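Below is one structure; the comments refer to it alone.
Chain nomenclature is as follows: A, B, C and D, assigned in order of appearance, with residue numbering initiated at 1 for each chain independently.
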Amino acid sequence: MSTPVAAMRAPGFLSRLWRDPRQLSLAITIGLFVAMSVAGGVMYDGFLRPQVFLNLLIDNAFLLIVAVGMTFVIVSGGIDLSVGAVVAFSTVLLAWLVQVHGWHPLAAIPLVLALGAAFGALMGTLIERYRLQPFVVTLAGMFLARGAATLLSVESIGIDHAFHVAVANLRIPLGGGASLSAGAVIALLVVAGGAVLAGMTRFGRGVYAIGGSEASALLMGLPVAATRVGVYALSGFCSALAGVVYTFYMLSGYSLHATGLELDAIAAVVIGGTLLAGGSGYVLGTLFGVLVLGLIQTLIVFDGTLSSWWTKIAIGGLLLAFCLLQQLLVRSSRRRAPQEPPA
Amino acid sequence: MSGAEARTSSRQVLHRGLAHPLFWPLLALALLLLGNGLFNPGFLSLQWRDGHLYGNLVDIANRAAPLVLVSLGMTLVIAVRGLDISVGAVLAIAATVAAWTIARMQAAGSEGLAPLFAAITAALGVALLCGFWNGLLVVKLGLQPIIATLVLMVAGRGIAQLVSDGQILTIYYEPFAFLGNGFLFGLPFSLFVVAAVFVGLKLLLDRSALGLFVRAIGHNPVAAHVAGVRAKAITWSLYVFCGFTAGLAGLLVSSNVASADANNAGQLLELDAILAVALGGTALAGGRFSLAGSLVGALIIQALTTTIYAIGVPPQVNLVVKALLVTAVLLLQSPEFRGRLRARLSRRAGGAT
Amino acid sequence: MLQARGLAKRYGATVALDGAGLVLRAGEIHALMGQNGAGKSTLIKLLTGVEQVDAGTIELDGRTIAPASPLAAQREGISTVYQEVNLCPNLSVAENLYAGRYPRRFGLVDWKQVRAGARALLAELHLDIDVDLPLAAYPVAVQQMVAIARALGVSARVLVLDEPTSSLDEDEVRELFAVMRRLRERGMAILFVTHFLDQVYAVSDRITVLRNGALAGEYLPAQLPQAALVSAMVGREVELAGGRDASHEVPVDAPVVVEARGLGRRGSLQPVDLQLRAGEVLGLGGLLGSGRTELARLLFGLDRADCGELRMEHGPVELRHPAEAVAHGLALCPEERKTEGIVAGLSVRENIVLALQARMGWWRALPRARQEELARQSVALLGIKVADIETPVGALSGGNQQKVVLARWLATQPRLLVLDEPTRGIDVAAKQEIMAEVLRLARQGMAVLFISAEIEELTRLSDRIAVMRERRKAGELPGGSDGGQVLALLAAHEPAVRAAGAAGA
Amino acid sequence: GKGGGDAAAKADAIRVGFSQVGAESEWRTANTRSVKEALVAPEFNLKFSDAQQKQENQIKALRSFIAQDVDVIAFSPVVESGWETVLREAKAANIPVVLTDRAVDVSDDSLYTTLIGSDFVEEGRRAARWLLEDSASRKSSGAAGPVRIVDLQGTVGSAPAIDRMAGFKEVIGQDPRFAIVRSQSGDFTRAKGKEVMEAFLKAEGRDGIDVLFAHNDDMAIGAIQAIEEAGLKPGEDIRIVSIDGVRGAFEAMKAGKLNATVECNPLLGPQLAQIIRDVHAGKPVARRVEVEEGVFTRDQAAAELPNRKY
C-alpha cells in the first residue's frame, strides 16, 4: 500500500489524541474548564478556594448522576426527557414513605431505585417494541412522573428522619477546611462506574454500536432490543438515585423539585462532547459538562451584580462562548492534524 | 354484481384511507372530541353569538393557533435534522417587542394604524433575526442544534425582560387586539393567519422544489450536498422561518391577552411544538415530514388541554391525565402496536370459535 | 452441508425470490451469480436470518433450520459479510472486529487482547492499519476488508460473502482469495457473490446462477465458458467485450472543457495538471489511496483547492460548492454510494431528478410529468430493476442503486462527467450497456473522467489514461496503451509493506 | 476587579448576599427593585443572585455566599422545606440569615434570625372575608341557591397557591352558602387565566358562575377578558377577587371590572435594610416582622392608583 497508509499508523497516545477528534474535544473541554476557572480567579476574590470547586460537585451531584444516565441514552441515539420528573417523583415518594408511613430510609431507598429502573425499562420497552420516538415517549413519561408526584403530595414534605439528617449533614473532610458531601461522593462513584460500564463492558460497547448504526448492530448479532431497554432502565435508575441524593441535599420531597433538569442534563452531556445523533461520547466528558454548567452559575453568583434578566443573558452568553471556543479549537486542530478523515 | 363491485371499491378506498399517514392522527383527534361530546353534551355545540361563532371547538382552534404556527416552523427545522428549542423565548421576545413598540409609538403621539404596523414589523423583524442567529450557530458555526438554540432559549427571556424592564407590558390599543381577538366572517382572525401560513407553506413546498430538497437534506445531507443542493442555505432559511412563525405566534398571544409577559409567554412551547410534530407523524430524525400532520398534532394537544379543563379534574391530576392520553394517542399511531393488538384479538376470537 | 430449496420472498408487491435454491458443500468455494436485482442478496439474507422466508426450506447438515435473527445464524455457524458494509462507523476497527464476542478479563472487556487479536486478524489479510481509529476514518475499501476480517474471525463453518470484492483493488482481491483458499482447505464452505467473471473463474469450485429470483442452474466453472455464464444470468445470448472504437481519435481542436493547472490541496493532493477535451474519455488509474477520489472531489468543488486553478471554456472558475459545479455543467458520480450517492428515503424518481432540479434552482420545479418521463427513460436506459418509480431507493438491490446515482447525473446532461468507480456492483451485462451509453454521450461532445480500479476496463474504454501515485500524477498514457504500461506506472516505487504482502500471497 | 477605588469604601460596607426566587411576576420584580434600592453602597455591598425559580439554585447561591464569607444572608425561600442543611452551614460559618417573604420549616429555630414578610394563608383568608362581607351587603339581590365560586389557582404545588387556597377555604368552608364549583391551575399567568376561564364559562354556562377567586391579579386580568368575550360583565355578573394588588389590578378596579384585590406588599426593601443593620450590629430583632398590607376595593381604586409603583 502507498505511504499514506504508513502514516496512518499511530505510534503513541499523543498523536492518536491529535487525530481522534473525540478524545481531542474532550481534552479541549477540560482545558477550557481550567481556563474559565482561572479567569474567575482573576476576577473575583476567593474564587479559587478549593471549597468553591468542591461545591461544584456538592451542588451538582444529582445533575451529575442524571447526566451519566443521560449519556448512555444519548450515545444510544435516544433521549430521555423524563429524568427531572423522575427525580422529583423519587424525592416525593421517598419523603412520603419516610415521613408519612414511617419507613426507614434504608428500606425506602431500594424501593425507589427499583421503581425508577422499572419506569425507565417500561419507557424503553414502549420505544423498542412499538417503534415509538424516544422524545415523545419520555415526554409522556415526564408528565406521568411529575403528575404522580403531585398526586402523592402537592406540598413539599420535609424529611427529619435521624438517618437522613445524619447523611445530609455528613461532610467528608479533605483537609484545609474543605469537605465533600455524601451525595458528591456517590456522584463521583457513579461517574467512575459509568465510565467502566461504557468503556469496558459488553453492554456499554453495545450502546455505542447501536448509536453508530442500529442496523449494523443487528447484523453483527448484538442484543439490540435488550440493550435499548437496558439503556432507559439505567437512565431511570440514575434518575431515581439522583432523587435519593437530592433528598440528602434538600431533606425534602417536592413535586416541583428539579424542574427543567432534563435540559441541564442534556446540555451537560452535549457540552461534554457527546453527539446528540448518537454513537460518540464519553462519561468523563459529561463530568466536565456538568462542571462547566456549575461553573457558569458560580461565576454569576460571585459577580453578584446582575439583575434577573442579565443573569439569563449571561448564562446564555457564557454557554455560547464556551461552546464556540470548543468548536473552533476542535476544528482548527483537526485542520492542522496530518490527515483529515473524509467527512 | 355492481354491488360487489361497489363493495370492493369502497374497501379499496378504506384501505387507502387507513394507509394514509394522516388517518391515525385525525382519528385520535376525532376520538378526543367525541369522547368529550359524550361526557359533556354541550362540548361540541356551536352557537352564533354577538355576530360570531362561539363554542369549545372555536376555542380549541383559536387557542391552538400559536402552537400550530410554531409547529409548522418546527416541522421544517426537524425535517432537516435540526431542532429549535428557543421558540418559546422567541415568542416572548416578539410579544414584548410588539408591546414595547406600541407603548413607545403611543407615547410619541402616533395614532391610527401606524403603531399596529410598526409593532408587527418590529416583532417579526426581531423574530427573523432570532431565527437568523440560530441558523448562524447551527449552519455556519457547526454547533449541535439543541445547544445552539439552548443559548437563545436561556438568554432570550432575559432579552425580553430587558426590553420590558421586568414588567408585564399591558397594551392599551384597540387595533392590535384584532390580531388575536378579532373576528372575521364570524371566525377568529387568528384562524385566518394560520390558514394563510399553512396554505402558503404547503403551496411553496409542493409547487417548488423546496419540498424535495428539504426531504433530501433530511434523509441524507451529504448526498444532497453532493447532488448540488444548497443544503446549508436551505437549512439556515428554515431556521429563519421557524423564528418567523414563533414571532407570528408571539403577536397572536400578546394580542389575545393585550399584554406581553416576557417571563411566562410561550413557556414550554418548545416541548408542545415538538410533541405536535411527532404526533403528526414527522420523523424526529429528519427526512419524512408532514405539515398537515403537525397541524393536527397541535390541535390534538390543545384539545387535550381543553378536555382536561372541561372534565374538571383537580389540577394536581392534570399531568397524569395528559400523560395517559398522550400515550394512548402514540400507541394508536404505532403500526407495531396495532399489529400486535390485532394479532391478540384475532387469537382470542379464534380461541372462542 | 447447507441446502436451500424453493425459497420465496416478496416485499409488498415486489417478488424478490421465487423458487431459488442452493447447495453448498463443505470445503468448496461457491460463486453465486446473477444480474442486479436477481435476488442474490435476498437469498443471503434469508440464509442468515436477516429476513424470514415466505416459503421454502433451509437445511444445515440435513437439519431444517429457520434462523430468526443474524445472531441465531451466527450460532448455527454461519458467518456473513453483507453487501453494504455493515459495521459501525463510530467504533474503532478493533471493536468492529470483536463486537459481540469480546474477550474478557474479570468480566470486563480485555482491550489489550482485542487490539492484539485485531492486528493478527488484519495481518492475515496483510492489512496493517491503526486498529484504534474509528472505522469511518478509513475508505470503503478498508472498511470492506475489516468486514471480511470480522467474518473470518468468527470460527464458522459457513462463510457468506456478498460482493466482498466490489471496492477492492487487485492486490486486496488476491489477498482475500488466498485466505479463502486456506479456509477451504480447512473444510469451510464459502459462498460468495461477485460481478467480476475473472474472479469467479479464478477461485470458485462451483457456480450457482439466479435469474429473476429463481434458480437458473448450477455449473462447474470448467464446463462453462464466460459467454455461457453471462447468457445463463441474462437469459439470452449476449455478446461480450466491445468498448472504445480503436480508430477513434479525439480531434485536437476539440474545445477544452476543463483544465486543471496545478490544482492541489494541502495534505491530500499534490498539484495536478489535467486537461479534458470535449468528446474525450480520460481514464484515471491508481492504487487504493493514490488520490484519485481526492482529485475528483477537487474538480467538483466538494473540497476546496488551496493551490492552482481550474479553467473551463470561458475562463477560470472557482468552485466553492457542488451547486456551482453543477451549474457549470460538471457532474460527479461519487465513490461512496451509500453515504454520498443515494438518498435512501426518497423514491427512484426523486433521486433521479435531484441533481437536475438542483441545477434549475429551488423555485422552478420540474413538472411532475417531466420528472416521471425522465425517471422512466433512465429506468429503461440503464435497465434499473424496479417495479415502480415511486419505490424508495433504499429498497433497491445494490447494483440498481448504483444505476440510479448514475442516472441522476446523466439526467443533467453535463459537459464533464466524473465517474468514480461507477460500475461497482453492477453486473457484467449492465456494465457493458452503461459504458456503451457513456461512450455514446462522449462522442456527442461530453467529456468523461473515468476512475476505475480495473486496468482492463481503463485501457478498453479510455482515449487517454492518467495514472495517480502517492497523491500526485505519475504520468499520462495515450489511448491504446496496454495494461502493462499502466502497471509499470502504477508499480514504480511500490512501498515495502505492500510488496511484502504481495510476496506472501 | 479585586482592587479598584471603591474597595476602601466597600471595606467596611455590610456584605449582604440576597437570593431572589426569580423574576416570574411583576410582584417579584417590584420586590427585587425595592430590595436593590434599599441595599445600596456605600453602606451595603449587595451580592444579588437570581435563582430562576429553582430551589436548588437558591441553595447553590447560599453556598456561594458562605464561600464568599458575606456578613448577612437574606433570601426569599421558594418553598418551606429543604433548607436545613445549607442553613446549618451558614450557622457554622457564623453568618446570620434573614428570611423575606415567607418562613422556612426547620427543626432548629436558631437557624434563622428573623422573618420579614407576608403571610399567604392570611391573604387567602382576607380574600374570603371580603367575599363574605360583600355577599352580606348584596343579600338583598337574593339569588337562589349557594354562591357558586370558581377558583383560578397558581402553579400546582407552589407555596402561594397552596397557602392562599388553604386560607380561602378555611373561611369559606364555614359558610354553607358558598360552594367552590371549579378549581383549576392558571399558572399565575394572564394567558392561562384567560384560557381556563374560557373553559369554565363554557362548562358552567353563563349563569353558572357567581364569583371568581384568582390567586393572583394577572390571572384575574386574563379571566376578565374571557368573561367579556363571553358577553358578560366582569365585576357585575361575576364578582372577582384576587390577590397581589399590582397596578393592572387597580386599573381594572377603576374600570369596574375587578371587585377587590388583597394587597401583598412587595416593597419591603427599607424594612429589610433596617433589620440587616440591626442584625449586623448585633442588636436584638423581632422573630417576625409584618409588612403593611390591606384589602382594596373598587371605590378605593381611583385614589390609590397613582400611588402604585408596580
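We take it that contacts are C-beta pairs under 8 Å (C-beta built on N, C-alpha and C of every residue); 3 or more make two chains touch, one makes a residue touch a chain.
Not measured: the values here are computed from a predicted model.
Participant: Just grab the chain with the largest centre-to-centre distance to subunit D, centres being mean Cα coordinates.
Facilitator: Result for max centroid distance from subunit D is chain C.
Participant: Could you state the distance in Å from the CA-based centre of subunit B to that of subunit D?
Facilitator: Roughly 34 Å separates the two chain centres.
Participant: Can you give the whole-Å distance between the Cα centres of subunit C and subunit D?
Facilitator: Comparing mean C-alpha positions, subunit D is 71 Å from subunit C.
Participant: Report the inter-centroid distance (CA atoms only) between subunit B and subunit C in whole Å.
Facilitator: Those two chain centres are 44 Å apart.
Participant: Between subunit A and subunit D, tell me the centre distance in angstrom, where each centre is the average of that chain's C-alpha atoms.
Facilitator: Distance between chain centres: 35 Å.
Participant: If a residue has to touch 2 or more other chains to count, which residues of subunit B qualify?
Facilitator: Each of 161, 166, 222, 316, 318 in subunit B touches at least two other chains.
Participant: For subunit D, which residues are shared contacts with two or more other chains?
Facilitator: Those would be 22-23, 29, 32, 156-157.
Participant: Residues touching two or more other chains, restricted to subunit C: which are they?
Facilitator: There are none in subunit C.
Participant: Give every touching pair of chains, nothing left out.
Facilitator: According to the stated criterion, the contacting chain pairs are A-B, A-C, A-D, B-C, B-D.
Participant: Please output the residues of subunit A touching subunit C within their complex, sorted ascending.
Facilitator: Contacts found on subunit A: 1-6, 8-10, 16, 19-20, 22, 196, 199-202, 205-206, 208-209, 211-213, 215-223, 279-280, 338-342.
Participant: Taking the complex as given, what residues does subunit A use to touch subunit B?
Facilitator: 81, 126, 129-133, 135-137, 139-144, 146-148, 150-151, 154, 263, 266-267, 270-271, 275-276, 307-317, 319-320, 323-324, 327, 331, 343
Participant: Sort out for me which residues of subunit A touch subunit D in the complex.
Facilitator: On the subunit A side, the touching residues are 43-46, 49, 51-52, 55, 58-59, 62, 150, 154-158, 160, 165, 168-169, 249-252, 254-260, 294, 297-298, 300-302, 304-309, 311-312.
Participant: Which of the residues in subunit C come into contact with subunit B in the complex?
Facilitator: My answer: residues 302, 321-323, 325-327, 332, 334, 339-346, 350, 353-355, 357-366, 408.
Participant: Quick one: in the complex, what on subunit C touches subunit A?
Facilitator: Touching subunit A from subunit C are residues 50, 69-71, 74, 80, 82, 86-91, 95, 99-100, 102, 104, 107-109, 111, 128-130, 132-134, 136-139, 150, 267-268, 287-290, 469-471, 495, 497-498, 501.
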